[in-house]
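Chain nomenclature is as follows: A, B, C and D, assigned in order of appearance, with residue numbering initiated at 1 for each chain independently.
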Amino acid sequence: MILKLLKAEGLAHHTYFIGSKGEAAVIDPRREAGDVKEILDIARDRCMRIKYILETHRNEDFVHGSPEVARLTGATIRHGSNLPFKYGEPMKEGDEVSFGGLTVRALETPGHTPESLTYVLYDTTFPDIPVAIFTGDTLFVGSTGRTDLAPGGKEANARTLYHSIHEKILPLGDTALMCPAHGAGSVCGAGMGDRDWSTLGYEKRANPHLQLSKDEFVRAKVNEKFVIPPYFRTMEEYNLNGPPPLSGRKTPRGMGLAEFEAAIRKDGTKLVDTRLPQAYGGGHIAGSYNIWLGGMAVFPGVLFNARDEIVLLPYRDQDAYTADRYLSRISYDNVPGFLCGGFEKWQNSGRPIRHMGELSVEELKAKLDKGEIALLDVREPREWAAGGIVPGARLMYVGDIEGRLKDVPRGKPIASMCSVGHRGSIGASILERSGIENAYNVLGGFTAWKHKDYPITKFPNA
Amino acid sequence: MILKLLKAEGLAHHTYFIGSKGEAAVIDPRREAGDVKEILDIARDRCMRIKYILETHRNEDFVHGSPEVARLTGATIRHGSNLPFKYGEPMKEGDEVSFGGLTVRALETPGHTPESLTYVLYDTTFPDIPVAIFTGDTLFVGSTGRTDLAPGGKEANARTLYHSIHEKILPLGDTALMCPAHGAGSVCGAGMGDRDWSTLGYEKRANPHLQLSKDEFVRAKVNEKFVIPPYFRTMEEYNLNGPPPLSGRKTPRGMGLAEFEAAIRKDGTKLVDTRLPQAYGGGHIAGSYNIWLGGMAVFPGVLFNARDEIVLLPYRDQDAYTADRYLSRISYDNVPGFLCGGFEKWQNSGRPIRHMGELSVEELKAKLDKGEIALLDVREPREWAAGGIVPGARLMYVGDIEGRLKDVPRGKPIASMCSVGHRGSIGASILERSGIENAYNVLGGFTAWKHKDYPITKFPNA
Amino acid sequence: MILKLLKAEGLAHHTYFIGSKGEAAVIDPRREAGDVKEILDIARDRCMRIKYILETHRNEDFVHGSPEVARLTGATIRHGSNLPFKYGEPMKEGDEVSFGGLTVRALETPGHTPESLTYVLYDTTFPDIPVAIFTGDTLFVGSTGRTDLAPGGKEANARTLYHSIHEKILPLGDTALMCPAHGAGSVCGAGMGDRDWSTLGYEKRANPHLQLSKDEFVRAKVNEKFVIPPYFRTMEEYNLNGPPPLSGRKTPRGMGLAEFEAAIRKDGTKLVDTRLPQAYGGGHIAGSYNIWLGGMAVFPGVLFNARDEIVLLPYRDQDAYTADRYLSRISYDNVPGFLCGGFEKWQNSGRPIRHMGELSVEELKAKLDKGEIALLDVREPREWAAGGIVPGARLMYVGDIEGRLKDVPRGKPIASMCSVGHRGSIGASILERSGIENAYNVLGGFTAWKHKDYPITKFPNA
Amino acid sequence: MILKLLKAEGLAHHTYFIGSKGEAAVIDPRREAGDVKEILDIARDRCMRIKYILETHRNEDFVHGSPEVARLTGATIRHGSNLPFKYGEPMKEGDEVSFGGLTVRALETPGHTPESLTYVLYDTTFPDIPVAIFTGDTLFVGSTGRTDLAPGGKEANARTLYHSIHEKILPLGDTALMCPAHGAGSVCGAGMGDRDWSTLGYEKRANPHLQLSKDEFVRAKVNEKFVIPPYFRTMEEYNLNGPPPLSGRKTPRGMGLAEFEAAIRKDGTKLVDTRLPQAYGGGHIAGSYNIWLGGMAVFPGVLFNARDEIVLLPYRDQDAYTADRYLSRISYDNVPGFLCGGFEKWQNSGRPIRHMGELSVEELKAKLDKGEIALLDVREPREWAAGGIVPGARLMYVGDIEGRLKDVPRGKPIASMCSVGHRGSIGASILERSGIENAYNVLGGFTAWKHKDYPITKFPNA
């Protein structure tokens, strides 16, 4: 029996491949050509036939790859029965699928979403000892799933989730390997451990969420502060009705200067500079968003619509394809191309260049101390809750800036700041795009600030 | 934290890579250039520094890669204290090493070998809950380690092993991931499950060896029948004193016909045809051993000495490098080359060809029924114990044939037979080399025989 | 400027990629997923846009990949104007395309086919000095194209070809790199050198076909004896009207025994064993064709129809995908699967096995000398013309056997023989399939026979 | 016959692999692990034995890989006889080596260096028609070799070179493929075409150097202005006596912050930031040199000594290994490590950051027009000769700045400028390191300036 974790950097999402005796199942595949190919290659290298694709739940942060894998393999898609999926077949409590001497049984474990399933894997030789459980977004290593996304309200969902975990999952005993759908860094939870997997018994003892009474748990979940970026709704719609097909999707084309310039001048086109903030600071094209490469799996979803035309400016040409892979995971499929040769091609042609001020925290502090600069804290509410730089900081999640430009402080230079400087630079680039002069990004952000032992402020109402 | 299993096909051996926060440890690395490179690449890709190399025990079936990995990384080698290793530093009961927020504690778990350790991995955040245990050859998925190799006798070793498992390992609780040094197919045990890993709790319930009382366990271990191939002693010597260095080892050279012919005519050179038996049957070079590619990790050790010159005849040129990788794992380092173009190069030059008769079990049965053929069963004693083809079969382990040629039945054709036809063909090629005419191999062997529902005989004294 | 040769083993076909300053053209791409990917990857790695796909002529031995590449890149297909292609745009004598500072001019060079073009590449800086010429099947390294395929007759075509070479190509001077569409081993010509490319000046001096007077040349071409396998007509039809689309083509599926057995029992299904003849000899499945892997680019086209269902039995599972790639080059797209685990899976299940006698030339000679065997020479007419083994051999091209079974000598064992034993084994497997007992293949064939200095016979009327 | 070009980006150097019938020769291999592996892999994939390693001359811009390849293959090294090489065997005029049906004849073609050879490749079937010539640094596509490096003076060398080309090479006729040792971008010549190879006949017509009379040629060569960076002498010494062995060379180690900080504080250690200038501009570590990744094959040789300890700060971790490969080509082997996580790791820890001003040419012009800035033109003399930005620019080759700091204009901000901004940033980083405040780099450099149609000045005496 093989059990493989296929990890998506950027998304921190986990797909699993289970196979034995020539047959296999895939759990929660993603829609990205490379991810799909990896699944097919594992099956091919071991001469295994993929019989089932099992969805733990309707995901919000990426689109399902199950229709694509099903098309290429003839496998059957199964998912929870509490949502009217337009594809695949439902699994109800206790339903089973079998392949290669293994059985997977579905447990209905709502709370994160109403149709969430936990899959329990058994070796048919020992039909009553779970080998592994696939918990989706219900139970993570060191954490539990969000309860703010499903209808019904955080509190009711938290009660449901508590019930799912304590009445359905924990009774499975200590011995099963636990395989969640996300690891540290995902937008689908907070406080996850950085181990890729765990065991149910280990979580029982070490997962802080499992040490709480029902009331404590519900209170804790109600107090969790997450943002719900607009693309979640698009993902949900796609994942209910079937995402746009992957085949036929075009990869971005390397463009010469003329073609690139025409493309970025088109109305509504988003120019995204995927270089790190320092490079953006040293020189960039006016009007570009600065979303670092690793953020391309999330922030285009936060800032743009799925059908927006996105043109890329990479640090290296090949980065454009990585960025595009990330975009394909969220079905942002309208990526005509990128500038071959990147920013240097632009610069060497004598075209105009803008600079972004990049401040160290030392420089920031000096300016703040002299009152020379305003501070925009673009982190998430749950980060604000853990402290910030100065009491007067304007708190505005990076995804909200474009809609709240009138609330941005004017009159003096403004520093956009996050935890390390990535989202800060998205924020600063948005400010610059909107016509605000003297926007700065803070390199190292709140992390560097804390390392310097500079004073920290609290935002009690954040 | 990452925990990666690096699997050696052929050996069915497991190396583990554990890493977190920029630091790493490797457990039981093998000495093979590709395996070493895989370890270095994992560290490199994640920018991790390998601080420790941990040996669970002195292995018998391959040579340690720890000196090589230590040389390339500066890591410290640690191993058990009950053998006078000429390299590395000893770990005693309770000794710990720490790296990247993780701690590994050594448990002395003798039985398979006197210095065997089980390593217990802890996340320092939860210092009393084992994350994973690395059980070496002490405890396997579905089985336990051999007790016939260490000094002291099978029975005493079995008692020691029982104690190690029940007093040291099982008290660690149910929740730890269990990571043994071998999987199904290894020569270091029998009856292993085909899952790559398990949990301690799962094994407690599902491992048949753990369901036995002490006396039952000891009796079962004493009744286990393993062969001890001669290379085990060489591996032990190498692993105690340090194996020959890998750097400087030459890979085999592609030879033209003249060079190849000169090489195989040298006194003492072993010509090994790594094609499958059917191909060997259709045509081969007189005097060649037929060891199928997958068997090259084991059977050269059974048949040859570590310093013998081994010349290869591959199905495809590239197979020669795979065969050589397998040989390098057991420090069989004297592999001057192989024939470019393989058997067809030989055949097309008009050089003489021999054929080997390949019998289906149907054909075998017909011949046996008519008394036209003798049968040599070249499997291991524990396989004989589970039944065979005909009462009159001569039982002779494939590794013993060359030393017992006088016991081989003469006077009529003889069929060499094993479980599927691989070792059978080694045996048949040895018979032919020794001048016996009319040697046959049985395609499908005992496996096919059973599928045909032909009568099965018992060898009560095997 | 880059100029890359993309070579198809098996077909011995050459595709060329020319690129400069961000733009590129591809000459004669093939329809195979790996080949297409290689083209896209070259363009991608260098950030080049493929503007043109240039066809030298309508090929007979594989299907065009130009529609596929055009679909994926937006490039324009150009080809000769003397055939009513259903896709692309015609190029007439002197027509040019330009990209990246380069110009390609078309020369009409009929003879091999009526619409054959030779493309001449110029650097626009030196507009009158050809950098390279792409001669398609008109002029090869050391040879010239066949004249037996085009309508009009060998002799008239030879005159046309002579004119094309001497009046169109040779006047281009000595200095151009010469890039033909085929190398040694192609079915599109004979006597080609094994250099991948040459210069026009070198060929003028070294190509024996260019040393002949017009009459000598025409006589030589008229005397050339080629076979015209049936798939040539299918390829021509596809290449005129557009081949079946590649996207949507399924790769073969690894099958278990039951699925495999059901597949090969279907009426009309062709079971192809792609192992080398020695392995086929040692054991095979009754009714299988034995086409060695390297022959899968040609002989399925010779023996089967494009829509026949082809099921594969590979030496290793991965070989099935190589075989399928070769099949996809000739649009043989109906390849449902292969047996996972290959012949050993079959054999180990106790299923029935057949053997094929494999003779060395020594063994063949002994049998011939005693009159114990008949000989079927399955080579091509032009090979017969160069000599054979015995005067009484029955000459029958391997592609003709199935249609001429009544002419196969009966009454004694029969040896199927070719140049080395590959086509011989195809022939022997066909004989066996047709119910002829005691068919043999000759390992090493005529090549080994000559190496032994055995007497050679002439077939004056072959 | 295969003829493969193995190209080193960065160096623009060409190694060639020639093979046929199981034997091969390599021309001018480089000492870099990846390059050596590529050679061995080509030989391995085709089952070829490398018999000869042929050096065209003692190179100045990288170290020879011939001793390494010889050690790994047993091949014989051959080189010119007019230098007392401490390894290999000399070839004199007309000496030949043969392998695989091919012959290579040496022509003595001094001028670039006294022992320079041109190798002429023949197919033994046509012993008087050259297939290809390997011209080393004697004759390039569109150019000829430098004459300023050999003893004897530019003029005498130019006469010798003219003689070598016109009396030795051109008489070989038009038809040979021409394979030079360098392509566009090399420091070993100027004005090379970007085609990887050519034919001798094409060069006769298109190479401007071959259109000149002897006197014109000598005058042109004497007027060529090249810099001779100090590492050339080290390379010459290594290449005469044998470079340091590659085996045992350590690859750089990924370091944590503490280890990195300790390493860069060591006296004499060079910290090299391999990011592009824009990123360096946005934030960098005080005291670091900014050598963009592509420049790492040359500029460490210009600025540092071979034994200097070089610590790297990469844009991405993997870039450190690319930088190290480039360094290994010039035997700069003392590269202890790099900072894992790069600049962001530094910045996020709150450590101090410096910024470099990056000017667009528009911004530069505005400042120059207002007299607010001085200009340091760090290009090479031959580039100055073709024009520059302002008459008052201080001309100082980037390799000379550290030795001429007292000549750097003080008193106002200073912009370091080259052709595109890469060397400019090296210069600006040197200025900053030397304590000059307000150093700037010019993004796009003279290339962007010209694109803007800004006025150009001449430096008649440069």
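Rule of thumb we're sticking to: a contact is a pair of C-beta atoms (placed from the backbone, for glycine too) under 8 Å apart; a residue touches a chain by one contact, two chains touch by 3 or more.
Keep in mind it's a predicted model, so treat the numbers as computed, not measured.
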**OP:** Could you let me know which interface, B-D or B-C, is made of more C-beta pairs in contact?
**Re:** B-C
Original post:
With chain centres set to the mean of the C-alpha atoms, which chain is at the far end from chain B?
Top reply: D
Original post:
Distance from the CA centroid of chain B to that of chain C, rounded to the nearest Å?
Top reply: 44
**OP:** Take the average of all CA coordinates in chain B, do the same for chain D, and state the distance between these two points in whole angstrom.
**Re:** 50
Original post:
Of all residues in chain A, which touch chain D in the complex?
Top reply: 275-284, 315, 343-344, 347-350, 352-353, 355-356, 358, 360-363, 420-421, 443-445, 447-452
Original post:
Any idea which chain A residues touch chain C in the complex?
Top reply: 22, 43-45, 47-49, 247, 253-254, 256, 317-318, 321, 340-341
Subject >> Residues of chain B that touch chain A when the two form their complex >> reply: 1-3, 20, 123, 125-126, 129, 131, 173-177, 193-202, 204-206
